[in-house]
Structure formats: structure tokens, C-alpha cells
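Sending over a structure as C-alpha cells; questions will come in a sec.
Every chain is named by a letter (A, B, C and D) in the order it is written, and numbering of its residues begins at 1.
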């Protein structure tokens, strides 16, 4: 039988009609749409048990309380802890994306020697050799922790221990020289201040522990025409803080010292304050000329400041004139001003970026990437993320977010002492260790971080002072054993010391400090110096134009 | 009981830090795509910087967080969606966007006066390994669909589940707080049930300082704003900028 | 000559004079290249997603939607001619009926093809049929356009089957004959469907409460743009048919339809355009003075953004509305082919401008006080895929012209007008 | 002529029907074996587990444990009990190295679905068998079938391609959820069940 073209057509018609009453077209239509809802190349969240852990953030020295949601053992979300006495439930914007940092494309996972993959044993032998050949400097960006103590002990015999701290801590240095109290023991008693005069300090934009001032400002100043807390921002440009301040006074960039001097002069001349310091050499009209303000504006500012004590001036950086203004105001060592929060803190020596005649330099991962030392020494830099420094001979992969055990000492600007423990909640990648572990592996006589934390807990327990704030606040005296205390701290509780004694800081100032050209860098949140940010932050700020991105693009 | 979830955002308290944006994006598994740009980005919560248009000492700036306003009446996006991928939930008043139903026609985006809807112009992607940090309560969207603020629905799910396990019908309000509200360091965002007269958010929404964006269009948005600053109110309530040269600092392009 | 080797005279209707196959292929070649590039661009959009376009979150609709709306309006000639011929019994328009069907088919299939690229998830487009939101204008558009495309296919098939070779299959001839009986019914159905989707396309923007530039008051559930779109579509449809035929005459060098038919089409177009302009003017006045101010938008603020100043409104109503309406109806100008065709072109440009204003200006104009005016430039992929659709149109039209009795009367007798 | 046409047409029809109803399902679904031969009944009888909840626990916060983690198995199977091959696989391949067993979950919904066992079990008081049938009393693991295109378990659509005959554990498509909700007068919005 001959198959004709016609047969083929009729057959196809039958097949087509038949196909319509089979599942084929309908199921394919359905399945293909379901396929498009579950494309295999779209990542899906992990399945697994969900739990919430409380800890403290150790990414910067401010140690905000953090609640970390974990799914299948990985952190999947971060929130603040509202019971935390300093951070009060807030985090900095970057904190909310911190759980993604460990997966950052710039994460360091292997030892690198001058850009070439190397190994820990080679790094160890290189460091041991360096130690035997000459002095070694260890630079710490987050002093006061248990690892810092490891660094100090190690460098006592072999070289020097130095710290590279942020501008907030540097702003406290003048009081150390005038009052003899280590700046590590000083803080601002913001909670009792009624007038806060900020010389360009980004108070509402990442200054100090973010939650502390923003919460305070929100409760006592936000949206009020006559706020309980007067925030006066003296700054050349309309920053985020200036935009929200009770008063914004734009002054010429870099003229903060002149303004401080001018204000101090008015205060003393008009006897608005009891004379506690020397008369600044600068006249009000000179100050006006330098700052671009009118002499009357400076007088008004001085009167406003004196009108609502306690008043405190906050410098953005190491500015001695502003510190001197606080002395004139009587705010150094007074309620609502600068206070000494700790009796135990040791003075530390700031790291000078130009360090010569050193054989080797070990930089801890807590040191920000903008600290780029000019030295001939062999540099061993620990870091969790490659921030793009070319200066390090050795790049050593350090634990990232929540990957290491550390204690969290008092935040730099805090008025009261705190102590917390950040335990290691996430398993670190195999090739990773921190500087303290590295040193302990070289010198077995060193106490490990764990032992130091244990010792500190015992010390706290013996002192029987302060309160432990966990699920609820418990006076430390009620703890029956150090184990109980440790258990609480490891679960994310915070120990809070007793209120500070303002009078224990006394500043002697013979003459007005010579003007130092102040160039306070923009807030780390306004223009990020660090190249490593949570990828979400990079994305969101690009899309919202809320903040300027670092010049060099990164993921 | 049928709730009407809404928010009151105190603009005088907003410092423009961006915590809400970060918390929102992290909660909702927004991909950190490196090709991000202001025009094709994905910001279910977007803080916009506005100014009074002046320069020098007279200049004032404020920040306005923009998100889905969860319009109650004639919800523009719900009316236009051809295949019911958006709806106003009867029980909560939340305007729900279902990316899995969406065909990506973007008609809802042209309908939304607040530009609070975002299209997935690209397939989502994370740096290798980062998918382990995804929130398990929120499904990742694929390219070609529209998404927006769903008022952190995953948190409502958890709250409901917790209530069911405890044998309760109603959720505990403390269990359901959207990520942006929780993250705001100044407590500028108040979240609550607007249908409940005793709810603090509902009371604040009725305060004389409260207003809504483009309220005259008549869509009854459930996100309120408040500010004591006259220029902020004038700018937010009016429909045209203070001057023809852009009042907005948000640079598009 | 190559044509002696390669010939397709078997397929060309008896008695028709057509250019040689090689010349024809030469004519098709550039269009085929454009089509190929268009398919490639469309493929890029489907494979990589819509990031290949320059659309963004504010400009969620771009070139594609504008041109879709435009060609669907211009394609309205198909249903309207059918309506005139079969419902209103204007038999003198029969000559142009096949052209109208082919042009309509091209416009609609092209528009649907572009829409399938334009949506982010084409695989889920059928959800509209399965989970329709009956309140949405887009649902109405989707249903009507897909149904009407089916109708156009059914109308196109009889024309296709009258090809010289295809006619040889006896069952095809029967099929064609049966289908042909259906054509008046199809014309009626098509009219109804078209009426609704042309209107819904206008409603698409008119209902946008959140876009006061587009939002219009209306009757019952339909905003005024619903009716304006129908009017402008049927006004420009005949003009577009006239332009297409005139272009075909120019390209082939033959007179295909009598000049009288052009005049008649022009007159229909002109009268409807006049009605449209009047309605549009009233609508604009109501919108500027009542609708828009009532939601807090002062009329001036729509027109402060260059290049969308008031001149564009003037152009839309007067230059591309009133003027062609006058030229098409006024006897002295309508008698002159040049004037007539220019007026038809103006009318078509006018409907395109209207669609442009409604799609693009609506999105460009800010709604929030702190929004800004935005601009958008289509990417090459957008332009190329649309150019591909145009090339597809030219190719389908050329093939239809060559192999099908386009200008024959639908009865099938060789009574077509062959010029020269 | 007509008869011939009818026969040819019928032939086409028949081929399509066979292809669509018989061949197509076999092509569309792939069969996969579970990693271990697991017997619900043995566990119920030998270890005295009476309640599904003992292994498939509902946590206090309402989250559902699903298939128990390795730790639960290791409670008894830290060393081999018995001689079976499955026992060896379990202990040597999973428990000792500490790997989770990659069970193929018959009722697995995609990531965009939020299903709360707590709400259905605690509030609506649905018994396990109403959705999962009597699989908990079975003596062997079923074959797991996966859809090649959508990646879904066959239980979601159900074994009957026409969806006309369905066992209780089959049919977990959205329309099935909707049907039950409609019967029970439970009104939920899209995001009531979607993530």
C-alpha cells in the first residue's frame, strides 16, 4: 500500500487530536512553568534546624551585642540585643550583613608570601628566624583583649607592643598627658550631658558604639524644638550628623582648633565658667577670621554651651585645643563630661606608621587596612580579608566573623566598664588561625586566649562587683561559682561594671596647647577606607547613593 | 480577627544610616549583585536623601525611607496584575507579592506611584559559599519577576507557627517585627496593627504630625510618616519639588 | 540568467506578473539579515534576561511596549475593514480586505512575539489564562489579543490556501471554501475582540491611579482612554493600509488599487480622526482641569520637563490630528495623491505619538515630589529585536504579495485590479 | 477513501494516546533508590516507638524536625546492630564519618512553599496518616520518583497521570492544598503558604 502525502497529513491530524487528550501538552506546560520557579542554578537556602545565639560583635572595638540566627549551623541573620547596656539593640549598618563576610570574595584562605601561596610552617620559620635576628614589633588594633595580652607578653622579651587605634580613642590622648590617666581608661559620660558640641565627630554616623548615642539622641533630642539634649555640630559640610543636629554651624574646614580657642576665650572673658585653664592666645576676632564665622556667632556659641551644663565637646580626632576647651569647661573629670571608667587600664603606646630599625613586624587582623606602615621590616600581616595592602611580606589568613574565641573589652568611648565573650560560633576554614594562636604555637610558655579569658572571668568573679546582663540582669555577687559566670558569658551575657567616679580624672593644663593642623578624616561610614565590606552593603549604598563608595570598586 | 499591619516612620528620627536597608536585604535574601546600579537595583527598603533645595547655612537635609506602602484602597498594583500575583491579604492587610506567580510583565511597576517595586533584571547570585548565609524562611527569587516589601512575611510565618505550637490562635505581637523596624537604631519606625485603636502605631498614625505620601491619590497607604519640620512635610506631601532642579539627591544613572 | 535556472512561476497565480525570483530574493535578503539580527537579539534577551535592555525599575516599560501599542493601533485596519465590508456592507472596500488581513496578522503576531520577549518569564505567561485577574486591563488585553490573533490566523488561512499550488489539494480547497463562509462571522468576532483590546490597551494606562499623568476619569469601569484608543486606532488603521499599499505600489511599480479607493479610505480615516481630535481635546481639558488637580497635580508640572513640553501636546492634537483630518476630508487635497498620502502618514504618526506620550512620558514624569525626571535610551537589543519584527512584517507581506492573491476580490475570480 | 481516511486518522490517534498515557510518564519520571533500606515497622516494633512524633518531632517553637538527624539514629546504631547490608551502610557510610543521610523526601515541597506541621497538626488536628498515608507502618522504603523537568517528587502530582485516582499520600499540588482549605473553610492568602 502506498503511503500518500495525504495519508501523512491525516495521520498527523489524528495524532495531534490524540495528543491533546493525553497529559503530554498539559503536563509539559505545567512542568516547564514549575521548572522556571525552581531553576537549578538559583541558589536556595540551606535546610536545617534554626537556632538563635547571642554574642558580641568583634569586628571592631565597639563590641555591640548581637543576636545571630543560625540555620544548619551557619549564621543566616544578625540583629541587635536590646538588653545590651551599651549598644542597646542597635548595630552599625554593616553589622546586618556581617554574616556574609566570611564568604566575601576577598576572604583569605591560604598563607601568602609576597603574593605567592605558601604555608604556615614556612611563615612560622620565617617569623622565628626574624625573632632571633632582631627586635619584633606587634601591632594591635583592638587592645585590651585576651589576644592583646598574648601579644604583650610575647613582645616583652622580643621587641615592642604597639596599638593602632581609631580616631575616637586618639581623641582621648591629650587628657592622658594632662591628667595622667591612661586614655584606655577614659570615656564620655554622654548619658548625663545636656549639651554636646561635636567638632566634626560623626556622632550619629558610626561614632563609638552606634547604638549608644543614636538611642540617646532619639530619646532626648530627635524631633524636639527644645531638646533635653542639645547637639551642636560644628562641621564644614552638612553631614548626616549635622543634618540631624539641633544646631549646625558650618565652619571653614580645618579651623576646629581656632574655634575651640575662640570659644574658650569667650567663656573665660565673659566668666561663663569658673577659670580652670589658661587663656588661649587667639583673640575672638582672629578665631572668627580663621573659622569664617562672625565674632558674635562664636560668642553666641560659647553662651549656648555654658547655658545648659553639663556640656562636653567631642573632637573627631587627636585635637588638643578641643581637649583644652573641655578642661576650660570643667568637663574633664565631671559628670556629663569625660570620666575615668576603669582603674586597671594600662597606658598603651600608639603605633607610629614609620617604624624603622625593626627586624619584623606582626600586624594583627584587628588593625584596619588604612594602617600601612612605612618600614623596612619583614611584615607579617594577619587578616581575614585581603584589604589590598601590598606592603605585607606575609599575608596570614585569620578567622573571620564569629570564627574565633575572643573576649570583648569595654568599648572605646564608653563611660562604664563592660566585659563579654564572643565564642566561636562558626567553624573556621581549615587553613585559618589568629595571631595569638600563631604566637602560642611558637612559644609554649604563652597562655592561650582561652586560659586568659578564664583568668579574667575568675578575676571578675573574685571582685564580686557589677552586674551580669543575660536573659535577665543578675548582680555578680549572686553568682555561686566562676563556672556559672563563665557559662553565662559564653552564652552572650555582658558584665557591666559599676558607675564611674568622675572626680578621679584631674587635668592640669598650664598653657593653651599649640594649634595642630587638624585634619579629621571623614567618618569610616561616610567614606569607607576599608575595601572589604559585606557585599550587600556595597550593593545597597551604590543603589541608594546614601554613601559614597570607596574609589576602587569591589564586589 | 483581621489586622491591618502598618508603619509610622518618624522622619525626624531618621539619620539615614541605612541599617534598615541592610537588615531588609539580608532578611529577604536580596542578592548582592556587583552590577548594582541605582536604576536596576533591588532595594525593597530604600532610604532617600532629600533637601530643601537651598545651599549653604540654610540647607536642610532629611531622609525618607521608601518601601511598599501597602495601599488599602484600590491598591494600584493589585488592580493591574493580570494573573493574581499580588493581593491584599484579608487577614493582615499586607500587599503580598508572589514572585513565583509573576510573569514579569512589570505592569505593576508602572502602576506604583512610589516606585517601591523592583524587577529582577538578572539572575540572583552570591559569591561562592555565601548561599549558606541565606535566610531559610525566604525563597530566592529568579530573574524576570517583580518583588517588593512583603512586610517580612517569614517572620509572620514563624510567629504563626510558634503560636500554633503553643496552642494559641493569635500571634504574639512581639514575635512579629519586620527586620527594618528591629534594625532602626533610633526606633524611628513603629510597626503595629492600625486597626487596633490601642496599638501605639495606630495612635501615632492618627497624631497631627502624621501624614502619608501621595495621600490625595486615594489609595490609603498603610505606611505613615511623621515630621515636625515644616519643609519636610511640605516636600513629602506635595507632588512637585521645591524647585524645578531636583530636590532629590538620589542620583539615577 | 539565474532566474532561468531557479524559478517559482508555478507558485505564482496565473496571469500575474511578478519580478524574477532572483530579484525578489535580492529584495528579501537585507530584510532577512535584519530578521536574523533581531532573532539573535531576542535570543540574548531570553537567554540572559532583560538586563540586555536598557529598561529599569522606573522605566519598566520601554520601546517595546510603545511600539507594540503603536503597531496594534495601526493594525486596527484589519478588523475595521472587515467590519466595514461585512457588517456595514461597504463592498467597495473588498479589494483592500486581503491586504488588511495580512497587515493585521503581521502587526498582531509581531506584537505578540515582542511581548513574549518583553515579559520576564514567558514560560509562565499562560498563568494569565489559568489564574486571570478579571480586574486587570492587561488580562482583557491578553485574552482579546490572543483570541483575535487566532481569528486573524483563521482569516489568513483562506488567503494562504488560495495559492496556486496549495489550491491543487482538493481537501484544502474544500477547507478554504468552508472557512470562507466563516469569514463574515470571523469579521464580527474580530470586531468585538478588537474593540475590547484596543480599548483595554488605552485602559492599561488610563486606570493607573498612581500615575496622574495617565490617569483618566471614565464611564463605568473604563477610563476615557479606553474609547480614545479605539477611536484613534480605527482612524489611523485605514490610513496605514493606504500607506502600506502605496508603498507596495511604489516598490513594485504597479498600480494595485484604484485611486478612488484611497480617497475613500482617506475620507473614513479623516472623519474618524476629526471625531477623535474633538474627543481627545475634550478629554484633555477635563483631565487638566478636573481629574488631575483633584489628586493634587497641577497641569503645568507635567510639561516642565524637556523635551516633553506643551509643544508635544500641540503636536499630538493639532499637527498630527486636526491637520491630517482636514487634509483627508477636504476634497481639494484628498484628490491629490501626494497630499492624501502625506496626510495618511501624519495620521499614523499621530497615533504613534499618542502611544509614545502615554507610555514613555507617563513613566518619565515624576510622581513623588522628590523624584526626578528620568530619561531612557533603548539598548541595541531592544532596537534590533523590534527591527527584526519589522523585517518579519516586510518579508511576510512580500511573500504574501508574491504568492497570494492580495488584491483580488475574496470571491476568487481574477477580478483584481492590475495597473499598467 | 473515507474509510481509509478514518483508519489512518484512528491510527494516528491511537499512537498518540499510547505515547501520551504510557510512554510519556515513564520518560518524564526517573526512579531513584533511597540511600538505605529503612523499615518503619521494624523500628516501631523492635524499639517500641509508638508515636510518629518520637522521631519526627515538633519543636517548641513550632518548627518541624522532619526526618531525624543522624544523631537520633546514632543513639542506637552507634555500632552495627544486626548483620544486614543496610545496617553496614548506615554505620560505616553515615554514622561513623558523621554524614547526614541523603534521604529522598517523598513529600518535599519546593523552597517557595511554607508548610507548617505545627499549624496542621496542632491547630487543625490532622493526623499524620491523612497526608502521609500508612507509610509509617510500611515494611520497606518506596521507590522515589522525580520529575525530570520540575525536579519534584512524583507524590506531588500523584501517580495517576490524570489525577483522577489518588492515594491519600499523593497529590500535594497547590490546587490540592486549596481544595482542602476550601472544604475546611480556611482562607489564606498567597503568602499564607508561600515564602
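The criterion applied here is as follows: a residue touches a chain if its C-beta (ideal position, glycine included) is under 8 Å from a C-beta of that chain, and two chains touch if they have at least 3 such contacts.
What you see is a predicted model; the values in this text were computed from it and never measured.
Averaging Cα coordinates per chain and for the whole protein, the chain whose average falls nearest the overall one is B. With B-C and A-C as the two chain pairs, more C-beta contacts join B-C. Averaged Cα coordinates give subunit B a centre that lies 39 Å from the centre of subunit C. Subunit C and subunit D have Cα centroids lying 51 Å from one another.
Separation between the centroids of subunit A and subunit C, computed from CA atoms only, is 62 Å.
As a whole-number value, the distance joining the C-alpha centres of subunit B and subunit D reads 38 Å.
Subunit A has residues 32, 35-37, 44-45, 47, 50 in contact with two or more other chains. The multi-chain contact residues of subunit C, meaning those touching 2 or more other chains, are 121, 124, 127. Across the assembly, subunit D contributes residues 59, 63, 110-112 that each touch 2 or more other chains. Taken as a contact graph, with one node per protein chain and an edge wherever two chains touch, the assembly fits none of the named shapes, being neither a line, a ring, a star nor a complete graph. By the touch criterion given at the top, residues 35, 39-41, 48, 50, 64, 74, 76, 79-85, 101-107, 109-115, 117-123, 142-146, 213-214, 216-219, 235-242, 244, 246-248, 250, 252 of subunit B touch subunit C in their complex. By the touch criterion stated above, subunit D contacts subunit B in their complex at residues 58-63, 110-112, 114, 116, 118-119, 122-123, 187-192, 194-195. Note for the complex: subunit C touches subunit B at residues 49-51, 55-61, 118-122, 124-125, 127-128, 130-133, 135-139, 142, 204, 207-212, 294-298, 301, 304, 362-363, 366-374.
Subunit B meets subunit D in the complex at residues 84-85, 87, 89-92, 94, 96, 98-101, 137-140, 150, 153-154, 157-158, 160-167, 169.
Residues 7, 10-19, 21-24, 27-28, 30-32, 34-35, 37-38, 40, 44-45, 47, 49-50 of subunit A touch subunit D in their complex.
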